[in-house]
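Below is a structure I'd like to ask you about.
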Amino acid sequence: MFKAKAQDDYVQVDQVDWQDFPEDFHSGGVKWKLLHVSPEMAFWTVLFYCPKGSVLQPHIHHGPAEGWIFDGAIQVRGGPEVGGVLGIKDGFIYEAAGAEHDETVMREDTTFVLQMIGPLSWVKKDGSHVIQSWETAQELWEQQTQKQAA
Amino acid sequence: MFKAKAQDDYVQVDQVDWQDFPEDFHSGGVKWKLLHVSPEMAFWTVLFYCPKGSVLQPHIHHGPAEGWIFDGAIQVRGGPEVGGVLGIKDGFIYEAAGAEHDETVMREDTTFVLQMIGPLSWVKKDGSHVIQSWETAQELWEQQTQKQAA
Amino acid sequence: MFKAKAQDDYVQVDQVDWQDFPEDFHSGGVKWKLLHVSPEMAFWTVLFYCPKGSVLQPHIHHGPAEGWIFDGAIQVRGGPEVGGVLGIKDGFIYEAAGAEHDETVMREDTTFVLQMIGPLSWVKKDGSHVIQSWETAQELWEQQTQKQAA
Amino acid sequence: MFKAKAQDDYVQVDQVDWQDFPEDFHSGGVKWKLLHVSPEMAFWTVLFYCPKGSVLQPHIHHGPAEGWIFDGAIQVRGGPEVGGVLGIKDGFIYEAAGAEHDETVMREDTTFVLQMIGPLSWVKKDGSHVIQSWETAQELWEQQTQKQAA
């Protein structure tokens, strides 16, 4: 039964190449880096780069998420015109478990990191729903980075 | 910004009435009691009563789950014939985040409690998929217990 | 970086022998069984057997705890005389992160299971403080069960 | 029993004033900003500013921690000379539950954010041990920011 401690980790993020974030989940050329997964608790931490005008599809956060905006302008929860926030440089974000987000639009080139607990439900561009978890995220990342390495 | 501690709780479970678990998620008359939700982390704790021969529909645990079997015989992960376990009285269960379960069959009247973190994805009897979270569980429970109270 | 899913588990608890819970943390012959640890999140799940008249030392729950009382009578949060509860058979307990408990007295032979997240701080009988975590709990359990196996 | 969703949040961090991090836990003028607490799960998220030559006292992380280094040079887990890492700009850190850190030295002015789950145990400069939790952190932050507001 004995179980070992989890492993500490360190990622020099600027030395990790960007990969394409799935087209199903956005328009406008969003890139991502998967920084960490915690399989036991279903944590996953992602750095996003979203060009000006890019749009993330509607989604639900099934667990809490914490994030940091490094640069740019992102319409958090629809933006200030509809009760949300315009997230900019040095903005800390907390999304509650169960948060439902409509399309998320970038008003500038935006870079932010997000630690998510549990899966996202995405509404794809064809209207169907799909779940993205630490596990499918990791599978995609492995596939993308191996392909690149090959 | 100040946030208060969460509230302690105590439920005398044998004084809580059973409610019908949704037909979409099972056949055979499964009952449930919702004991606790933790909205911040998407925890929810459920007591199930599953008559002999009842079947839970296929589902995915998107976060870890811990459970205790009080009585009965439940084919955990398909049962021992396919690499799973026959869970009986005084059985402790741990399901990992991402665990995919096919139909779960009861060989005897079975009572067990399950603490789940994050949502379940269910395959309904019509083949479609639906997510059950602490939040939809709570909404259903409120509706069922108020209806009963009325 | 690839990380595997956590392992599912099943423990037939009535086939696990009781071990002595540390004298520093109680008086009156409390026994325990360590059922599960989740190193990544610092979860640990313990079954306790506390004879009538036994007393758990004062302690702080640094994370939330959920429990189930199988039998007996335990003065939860000091008992009903001081605003707490007398926990009995079929009682479900939720303790919030940060809950501080004074001495916990058993009015009957009491068996309960407790899933704890994060460590406990105990006040030992000599007045000093010590932390018990999933890790020190696991170390003690390994030591006790190996000793028994030898 | 009904419980509401947790609240979303957004903090424009550059508009929050730095406060002094407790002298007991460091030398050299470390400052902090408390960005978020999640009482239910004992999460707390802190931005640190540590001048060159400052030293954080030895401590234990009782739950996992994730962090991001914005600038500087921090000897993570003792630094590369003893098997650790020199954390620099764009470094992502993951500390496992139970990680024990000796003195943490800053080789340059260093700014980093850390999301911690569960409490820290600090060894104070007088050799005694003390626990810092989301709750004591929040109490200190309230006291410091109210004092400033007065």
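Labels A, B, C and D are assigned to the chains in the order they are written; within every chain, residues are numbered from 1.
Heads up, the rule we're going with is that a residue touches a chain if its C-beta (ideal position, glycine included) is under 8 Å from a C-beta of that chain, and two chains touch if they have at least 3 such contacts.
All values reported here derive from a predicted model rather than from experimental measurement.
With respect to chain C, maximal separation of chain centres occurs for A (centres as means of Cα atoms).
By number of C-beta pairs in contact, A-D leads over the other of A-D and B-D. If each chain is reduced to the centroid of its CA atoms, chain B and chain D end up 37 Å from each other. A straight line joining the Cα centres of chain A and chain B is 29 Å long. The geometric centre of chain A is 24 Å away from that of chain D, both derived from CA atoms.
Those residues of chain A in touch with two or more other chains are numbered 5-6, 38-41, 64, 96-98, 135. Within the complex formed with chain C, the chain A residues making contact are 1-6, 34, 37-41, 135, 138, 141-142. The residues of chain D lying in touch with chain A in their complex are 5-14, 35-36, 38, 43, 45, 64, 66, 68, 76-77, 85, 87-99, 113, 115. Chain contact summary for the complex, chain C toward chain D: residues 39-42, 62-64, 96-98, 117-119, 121, 129, 131, 133-135.
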